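For clarity, chains are labelled A, B, C, D, E, F, G, H, I and J in written order, and residue numbers in each chain start from 1.
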Amino acid sequence: MLFLVRMEVDWPKDMDPEAGRALVEAERTYSQRLQRYGKWRHLWRIAGVFGNVSVFDVDSHDELHEILSNLPFFPYLNIEITPLARHPSRIDAPPAAPP
Amino acid sequence: MLFLVRMEVDWPKDMDPEAGRALVEAERTYSQRLQRYGKWRHLWRIAGVFGNVSVFDVDSHDELHEILSNLPFFPYLNIEITPLARHPSRIDAPPAAPP
Amino acid sequence: MLFLVRMEVDWPKDMDPEAGRALVEAERTYSQRLQRYGKWRHLWRIAGVFGNVSVFDVDSHDELHEILSNLPFFPYLNIEITPLARHPSRIDAPPAAPP
Amino acid sequence: MLFLVRMEVDWPKDMDPEAGRALVEAERTYSQRLQRYGKWRHLWRIAGVFGNVSVFDVDSHDELHEILSNLPFFPYLNIEITPLARHPSRIDAPPAAPP
Amino acid sequence: MLFLVRMEVDWPKDMDPEAGRALVEAERTYSQRLQRYGKWRHLWRIAGVFGNVSVFDVDSHDELHEILSNLPFFPYLNIEITPLARHPSRIDAPPAAPP
Amino acid sequence: MLFLVRMEVDWPKDMDPEAGRALVEAERTYSQRLQRYGKWRHLWRIAGVFGNVSVFDVDSHDELHEILSNLPFFPYLNIEITPLARHPSRIDAPPAAPP
Amino acid sequence: MLFLVRMEVDWPKDMDPEAGRALVEAERTYSQRLQRYGKWRHLWRIAGVFGNVSVFDVDSHDELHEILSNLPFFPYLNIEITPLARHPSRIDAPPAAPP
Amino acid sequence: MLFLVRMEVDWPKDMDPEAGRALVEAERTYSQRLQRYGKWRHLWRIAGVFGNVSVFDVDSHDELHEILSNLPFFPYLNIEITPLARHPSRIDAPPAAPP
Amino acid sequence: MLFLVRMEVDWPKDMDPEAGRALVEAERTYSQRLQRYGKWRHLWRIAGVFGNVSVFDVDSHDELHEILSNLPFFPYLNIEITPLARHPSRIDAPPAAPP
Amino acid sequence: MLFLVRMEVDWPKDMDPEAGRALVEAERTYSQRLQRYGKWRHLWRIAGVFGNVSVFDVDSHDELHEILSNLPFFPYLNIEITPLARHPSRIDAPPAAPP
């Protein structure tokens, strides 16, 4: 089951630099593990914004909430969620999707 | 160059049914041709809404405008465009992306 | 899988009264069938508004879209969808929920 | 008398962890007591958001304000209230409502 | 139980003048009956706007919906509803309230 | 001359409790004095919100600004002002208005 | 008593040209009469918009509503009203105000 | 060349009272000098709001920016700017404009 | 004096095709004449939207209003205007600006 | 490939003056280097606002993000991005564009 999730980061202005770097590293590790599991299907940077647009593939809302609320960045995120269904015009085998 | 494009259809209430079906068919044909060319990379239905979220892969803004403004649905579309860049945390070879 | 769905009706001012009554009847029949199937779990009227707040229990986004887009009122609906997960503070057996 | 209440938590970034845990515990206890009394009829987590959608069954606006303004989280809550009436299409005995 | 209700009229530009006058008369009669019953407690014109701010005193949400949805103007109204509770600073016997 | 005034309080999270109580007491005293003078005609709590809806009866905009800007809560208030005129459908002697 | 009033015109696309010219003429005559009476103190065109910003000097809200609701353009106007008070920093005799 | 400028003050809650008074005094002096030069044509208090509506008469956008960005309050201001043109219905010599 | 002007076209769904083409041609001719006069400095298409972003160089607000309100598309335009001043960091002779 | 980028600065109220001046200087140097390379094509001050409207000429979204996210002001910027395409009515050789 696919969800489009838009995340924009509201980074505290007084964040300690050292703590900030550690948080970024933790976020990267967390995200890459979920990408390898196939949960975090697509991850794009919104050009010009400290944020991303992603597509998650989960089995339930509880799992979606589990994944998002455990993001190291979660306390600093504004999140918008759009449930995605299959589009009737979609052709089955598009060319290999770029990243 | 990737763009996330959200389209919601403001379908005229007094649209002639016959003309409506023809327009839907034309939109499907137009979209599937672009999907086969690899221009229209992803196409998902927004659950509960007469609209879609798509990812386009184009070479210029002129090409993006060309593609969108020639959609048969274009006169009835509210369009939001987000330029996508590569995210630093993206792993290179995610599992085969579902549709 | 539960979704909170808020629907507000944008009823055409020039709707033919007879056609309007038929549409309302069709919407009632459609909704009550889904309520009996357990798909349409809760249905409340928003006081003072031609609209409702509902909770749907579906197995996929495709099913949610199928149900909503086939509502007789669908062409006249503004729809907001919120995916619901289990709240950690919910107690298991609340008193029998009123309608 | 039913109210749909949407609560989103604006948690202070500099909340002391210990105080935060105590507040969460107090919120849970407070909520579960009201659920057992049948005042707090439904409680769902909004997937991906530190917040919930609830249905309260109260006898007056004063009681509703009493309940909400005494929530331990109240100083950190953005609250939206929708008065719910009986929908004319609701069937009387829906299947046992899930949590 | 008191509700603040703000109503703004979206009057069709092509309303037949005769029908319009009849509708205004029906709305006046309907409103004045409810005022005499004490249901429609306060009724003020929003200066410069085809609309009003009112306070209704009803016994249930169903009754509130019944009253509002049967307003002759209802199909042309944008309605905002605010449930009112007793304010702790209110003194008991203010001077005779003006209209 | 009547004004509908909606006030929502944006209470600082780090307000010293003692100072907070003193401020609340000052606000109550200030408001009750104006209620006795007949300037602050109606005062209702917005259910579920730290705020109120009020009706003021003043002789000029300067007086309105004087009253509002001297509220002890003024630095923490988001204020919306609606000028009220006499509604043509209002009947002269409604039953004794409840508080 | 001064009010800042912003008016933007939502001119029907299918307005009969002849009727349109007559309406514009009526609006001009109506406005110029009020300017001569000193009721319509200032009248500026919003550059690039079919609308104006004005300052009215009236004795009551009823008079303000009377003036605005009898504008020939009233059915096509989106109106925003801001009550103006005397600013403590205003010097008494500014140079002759341009139109 | 006239501009309507609406300014609302977002006054820091932790502003040192002494510094605050000095800033208010500086703002008053600055504004009154510009009023005497005829640059700051109109200055009204928005009733109930810590802000003002003004009309500036400047020769260029650079001058407008110069004036506004050097306001002592500038770091705390939310500013909205509307370019004003001559309205075709304006009569030439309105009665002496009140302050 | 420079203005950034964003125009989005709200094209009537029932526009007669022939009349539509004539209007587009008139708009093009009007715009190109102003570009040759140096009034319409920059004109870009907003990719994916029936609209443009332009920079106008005019001597007064009256001239700006004259130019915009005489656009053949004016009745169908939503217009946003931003006054532009010289930026202190701008270098004097940037490389030849592309179109 | 051209992008219109609107940047508004949300400058921390408690920014150390010395650090602030250094940041402004760094932002100016960074911007002027990009202007000389032809990446930062246009840079205008929004009159009355601590912000600018710019046009960037980049080869990819990654480059756009690289440029914007490395602005010294980036942590304090609200950014809006509009992809620009060639407008069909643009004449080829406008008079020498002013800065």
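FYI, a contact is a pair of C-beta atoms (placed from the backbone, for glycine too) under 8 Å apart; a residue touches a chain by one contact, two chains touch by 3 or more.
Listed by chain with UniProt protein names: A, B, C, D, E, F, G, H, I, J = Muconolactone Delta-isomerase.
The structure displayed is predicted, hence computed values, not measured ones.
The pair F-G is the one among A-D, F-G or E-F whose contacts match those of A-C for more than half of the residue pairs. Mean C-alpha position of chain C (Muconolactone Delta-isomerase) lies 28 Å from that of chain E (Muconolactone Delta-isomerase).
Note on chain placement: the centre of chain D (Muconolactone Delta-isomerase) and the centre of chain H (Muconolactone Delta-isomerase) lie 45 Å apart, centres being C-alpha means.
Centre-to-centre spacing of chain A (Muconolactone Delta-isomerase) and chain B (Muconolactone Delta-isomerase) amounts to 21 Å, using the average Cα coordinate of each chain.
The residues of chain J (Muconolactone Delta-isomerase) that reach two or more other chains are 2, 45, 47-48, 61-62, 64-65, 81, 83-86, listed in rising order. If each chain is drawn as a node and touching chains are joined, the picture fits none of the line, ring, star or complete shapes. Under the contact rule defined at the top, the touching pairs of chains are A-B, A-C, A-D, A-J, B-C, B-I, B-J, C-D, C-E, D-E, D-F, E-F, E-G, F-G, F-H, G-H, G-I, H-I, H-J, I-J. Contact residues of chain A (Muconolactone Delta-isomerase) toward chain B (Muconolactone Delta-isomerase) in the complex are 2, 4, 27-28, 31-32, 35-36, 38, 40-48, 52-53, 57, 82-92, 94-95, 97-99. Residue ranges on chain D (Muconolactone Delta-isomerase) touching chain F (Muconolactone Delta-isomerase), taken from their complex, read 5, 12, 61-62, 64-65, 68-69, 74-76, 79, 81. Against chain B (Muconolactone Delta-isomerase), the residues of chain I (Muconolactone Delta-isomerase) that register as touching in their complex are 11, 13, 45, 47-50.
Those residues of chain B (Muconolactone Delta-isomerase) lying in contact with chain J (Muconolactone Delta-isomerase) across their complex are 1-3, 60-62, 64-65, 81, 83-86.
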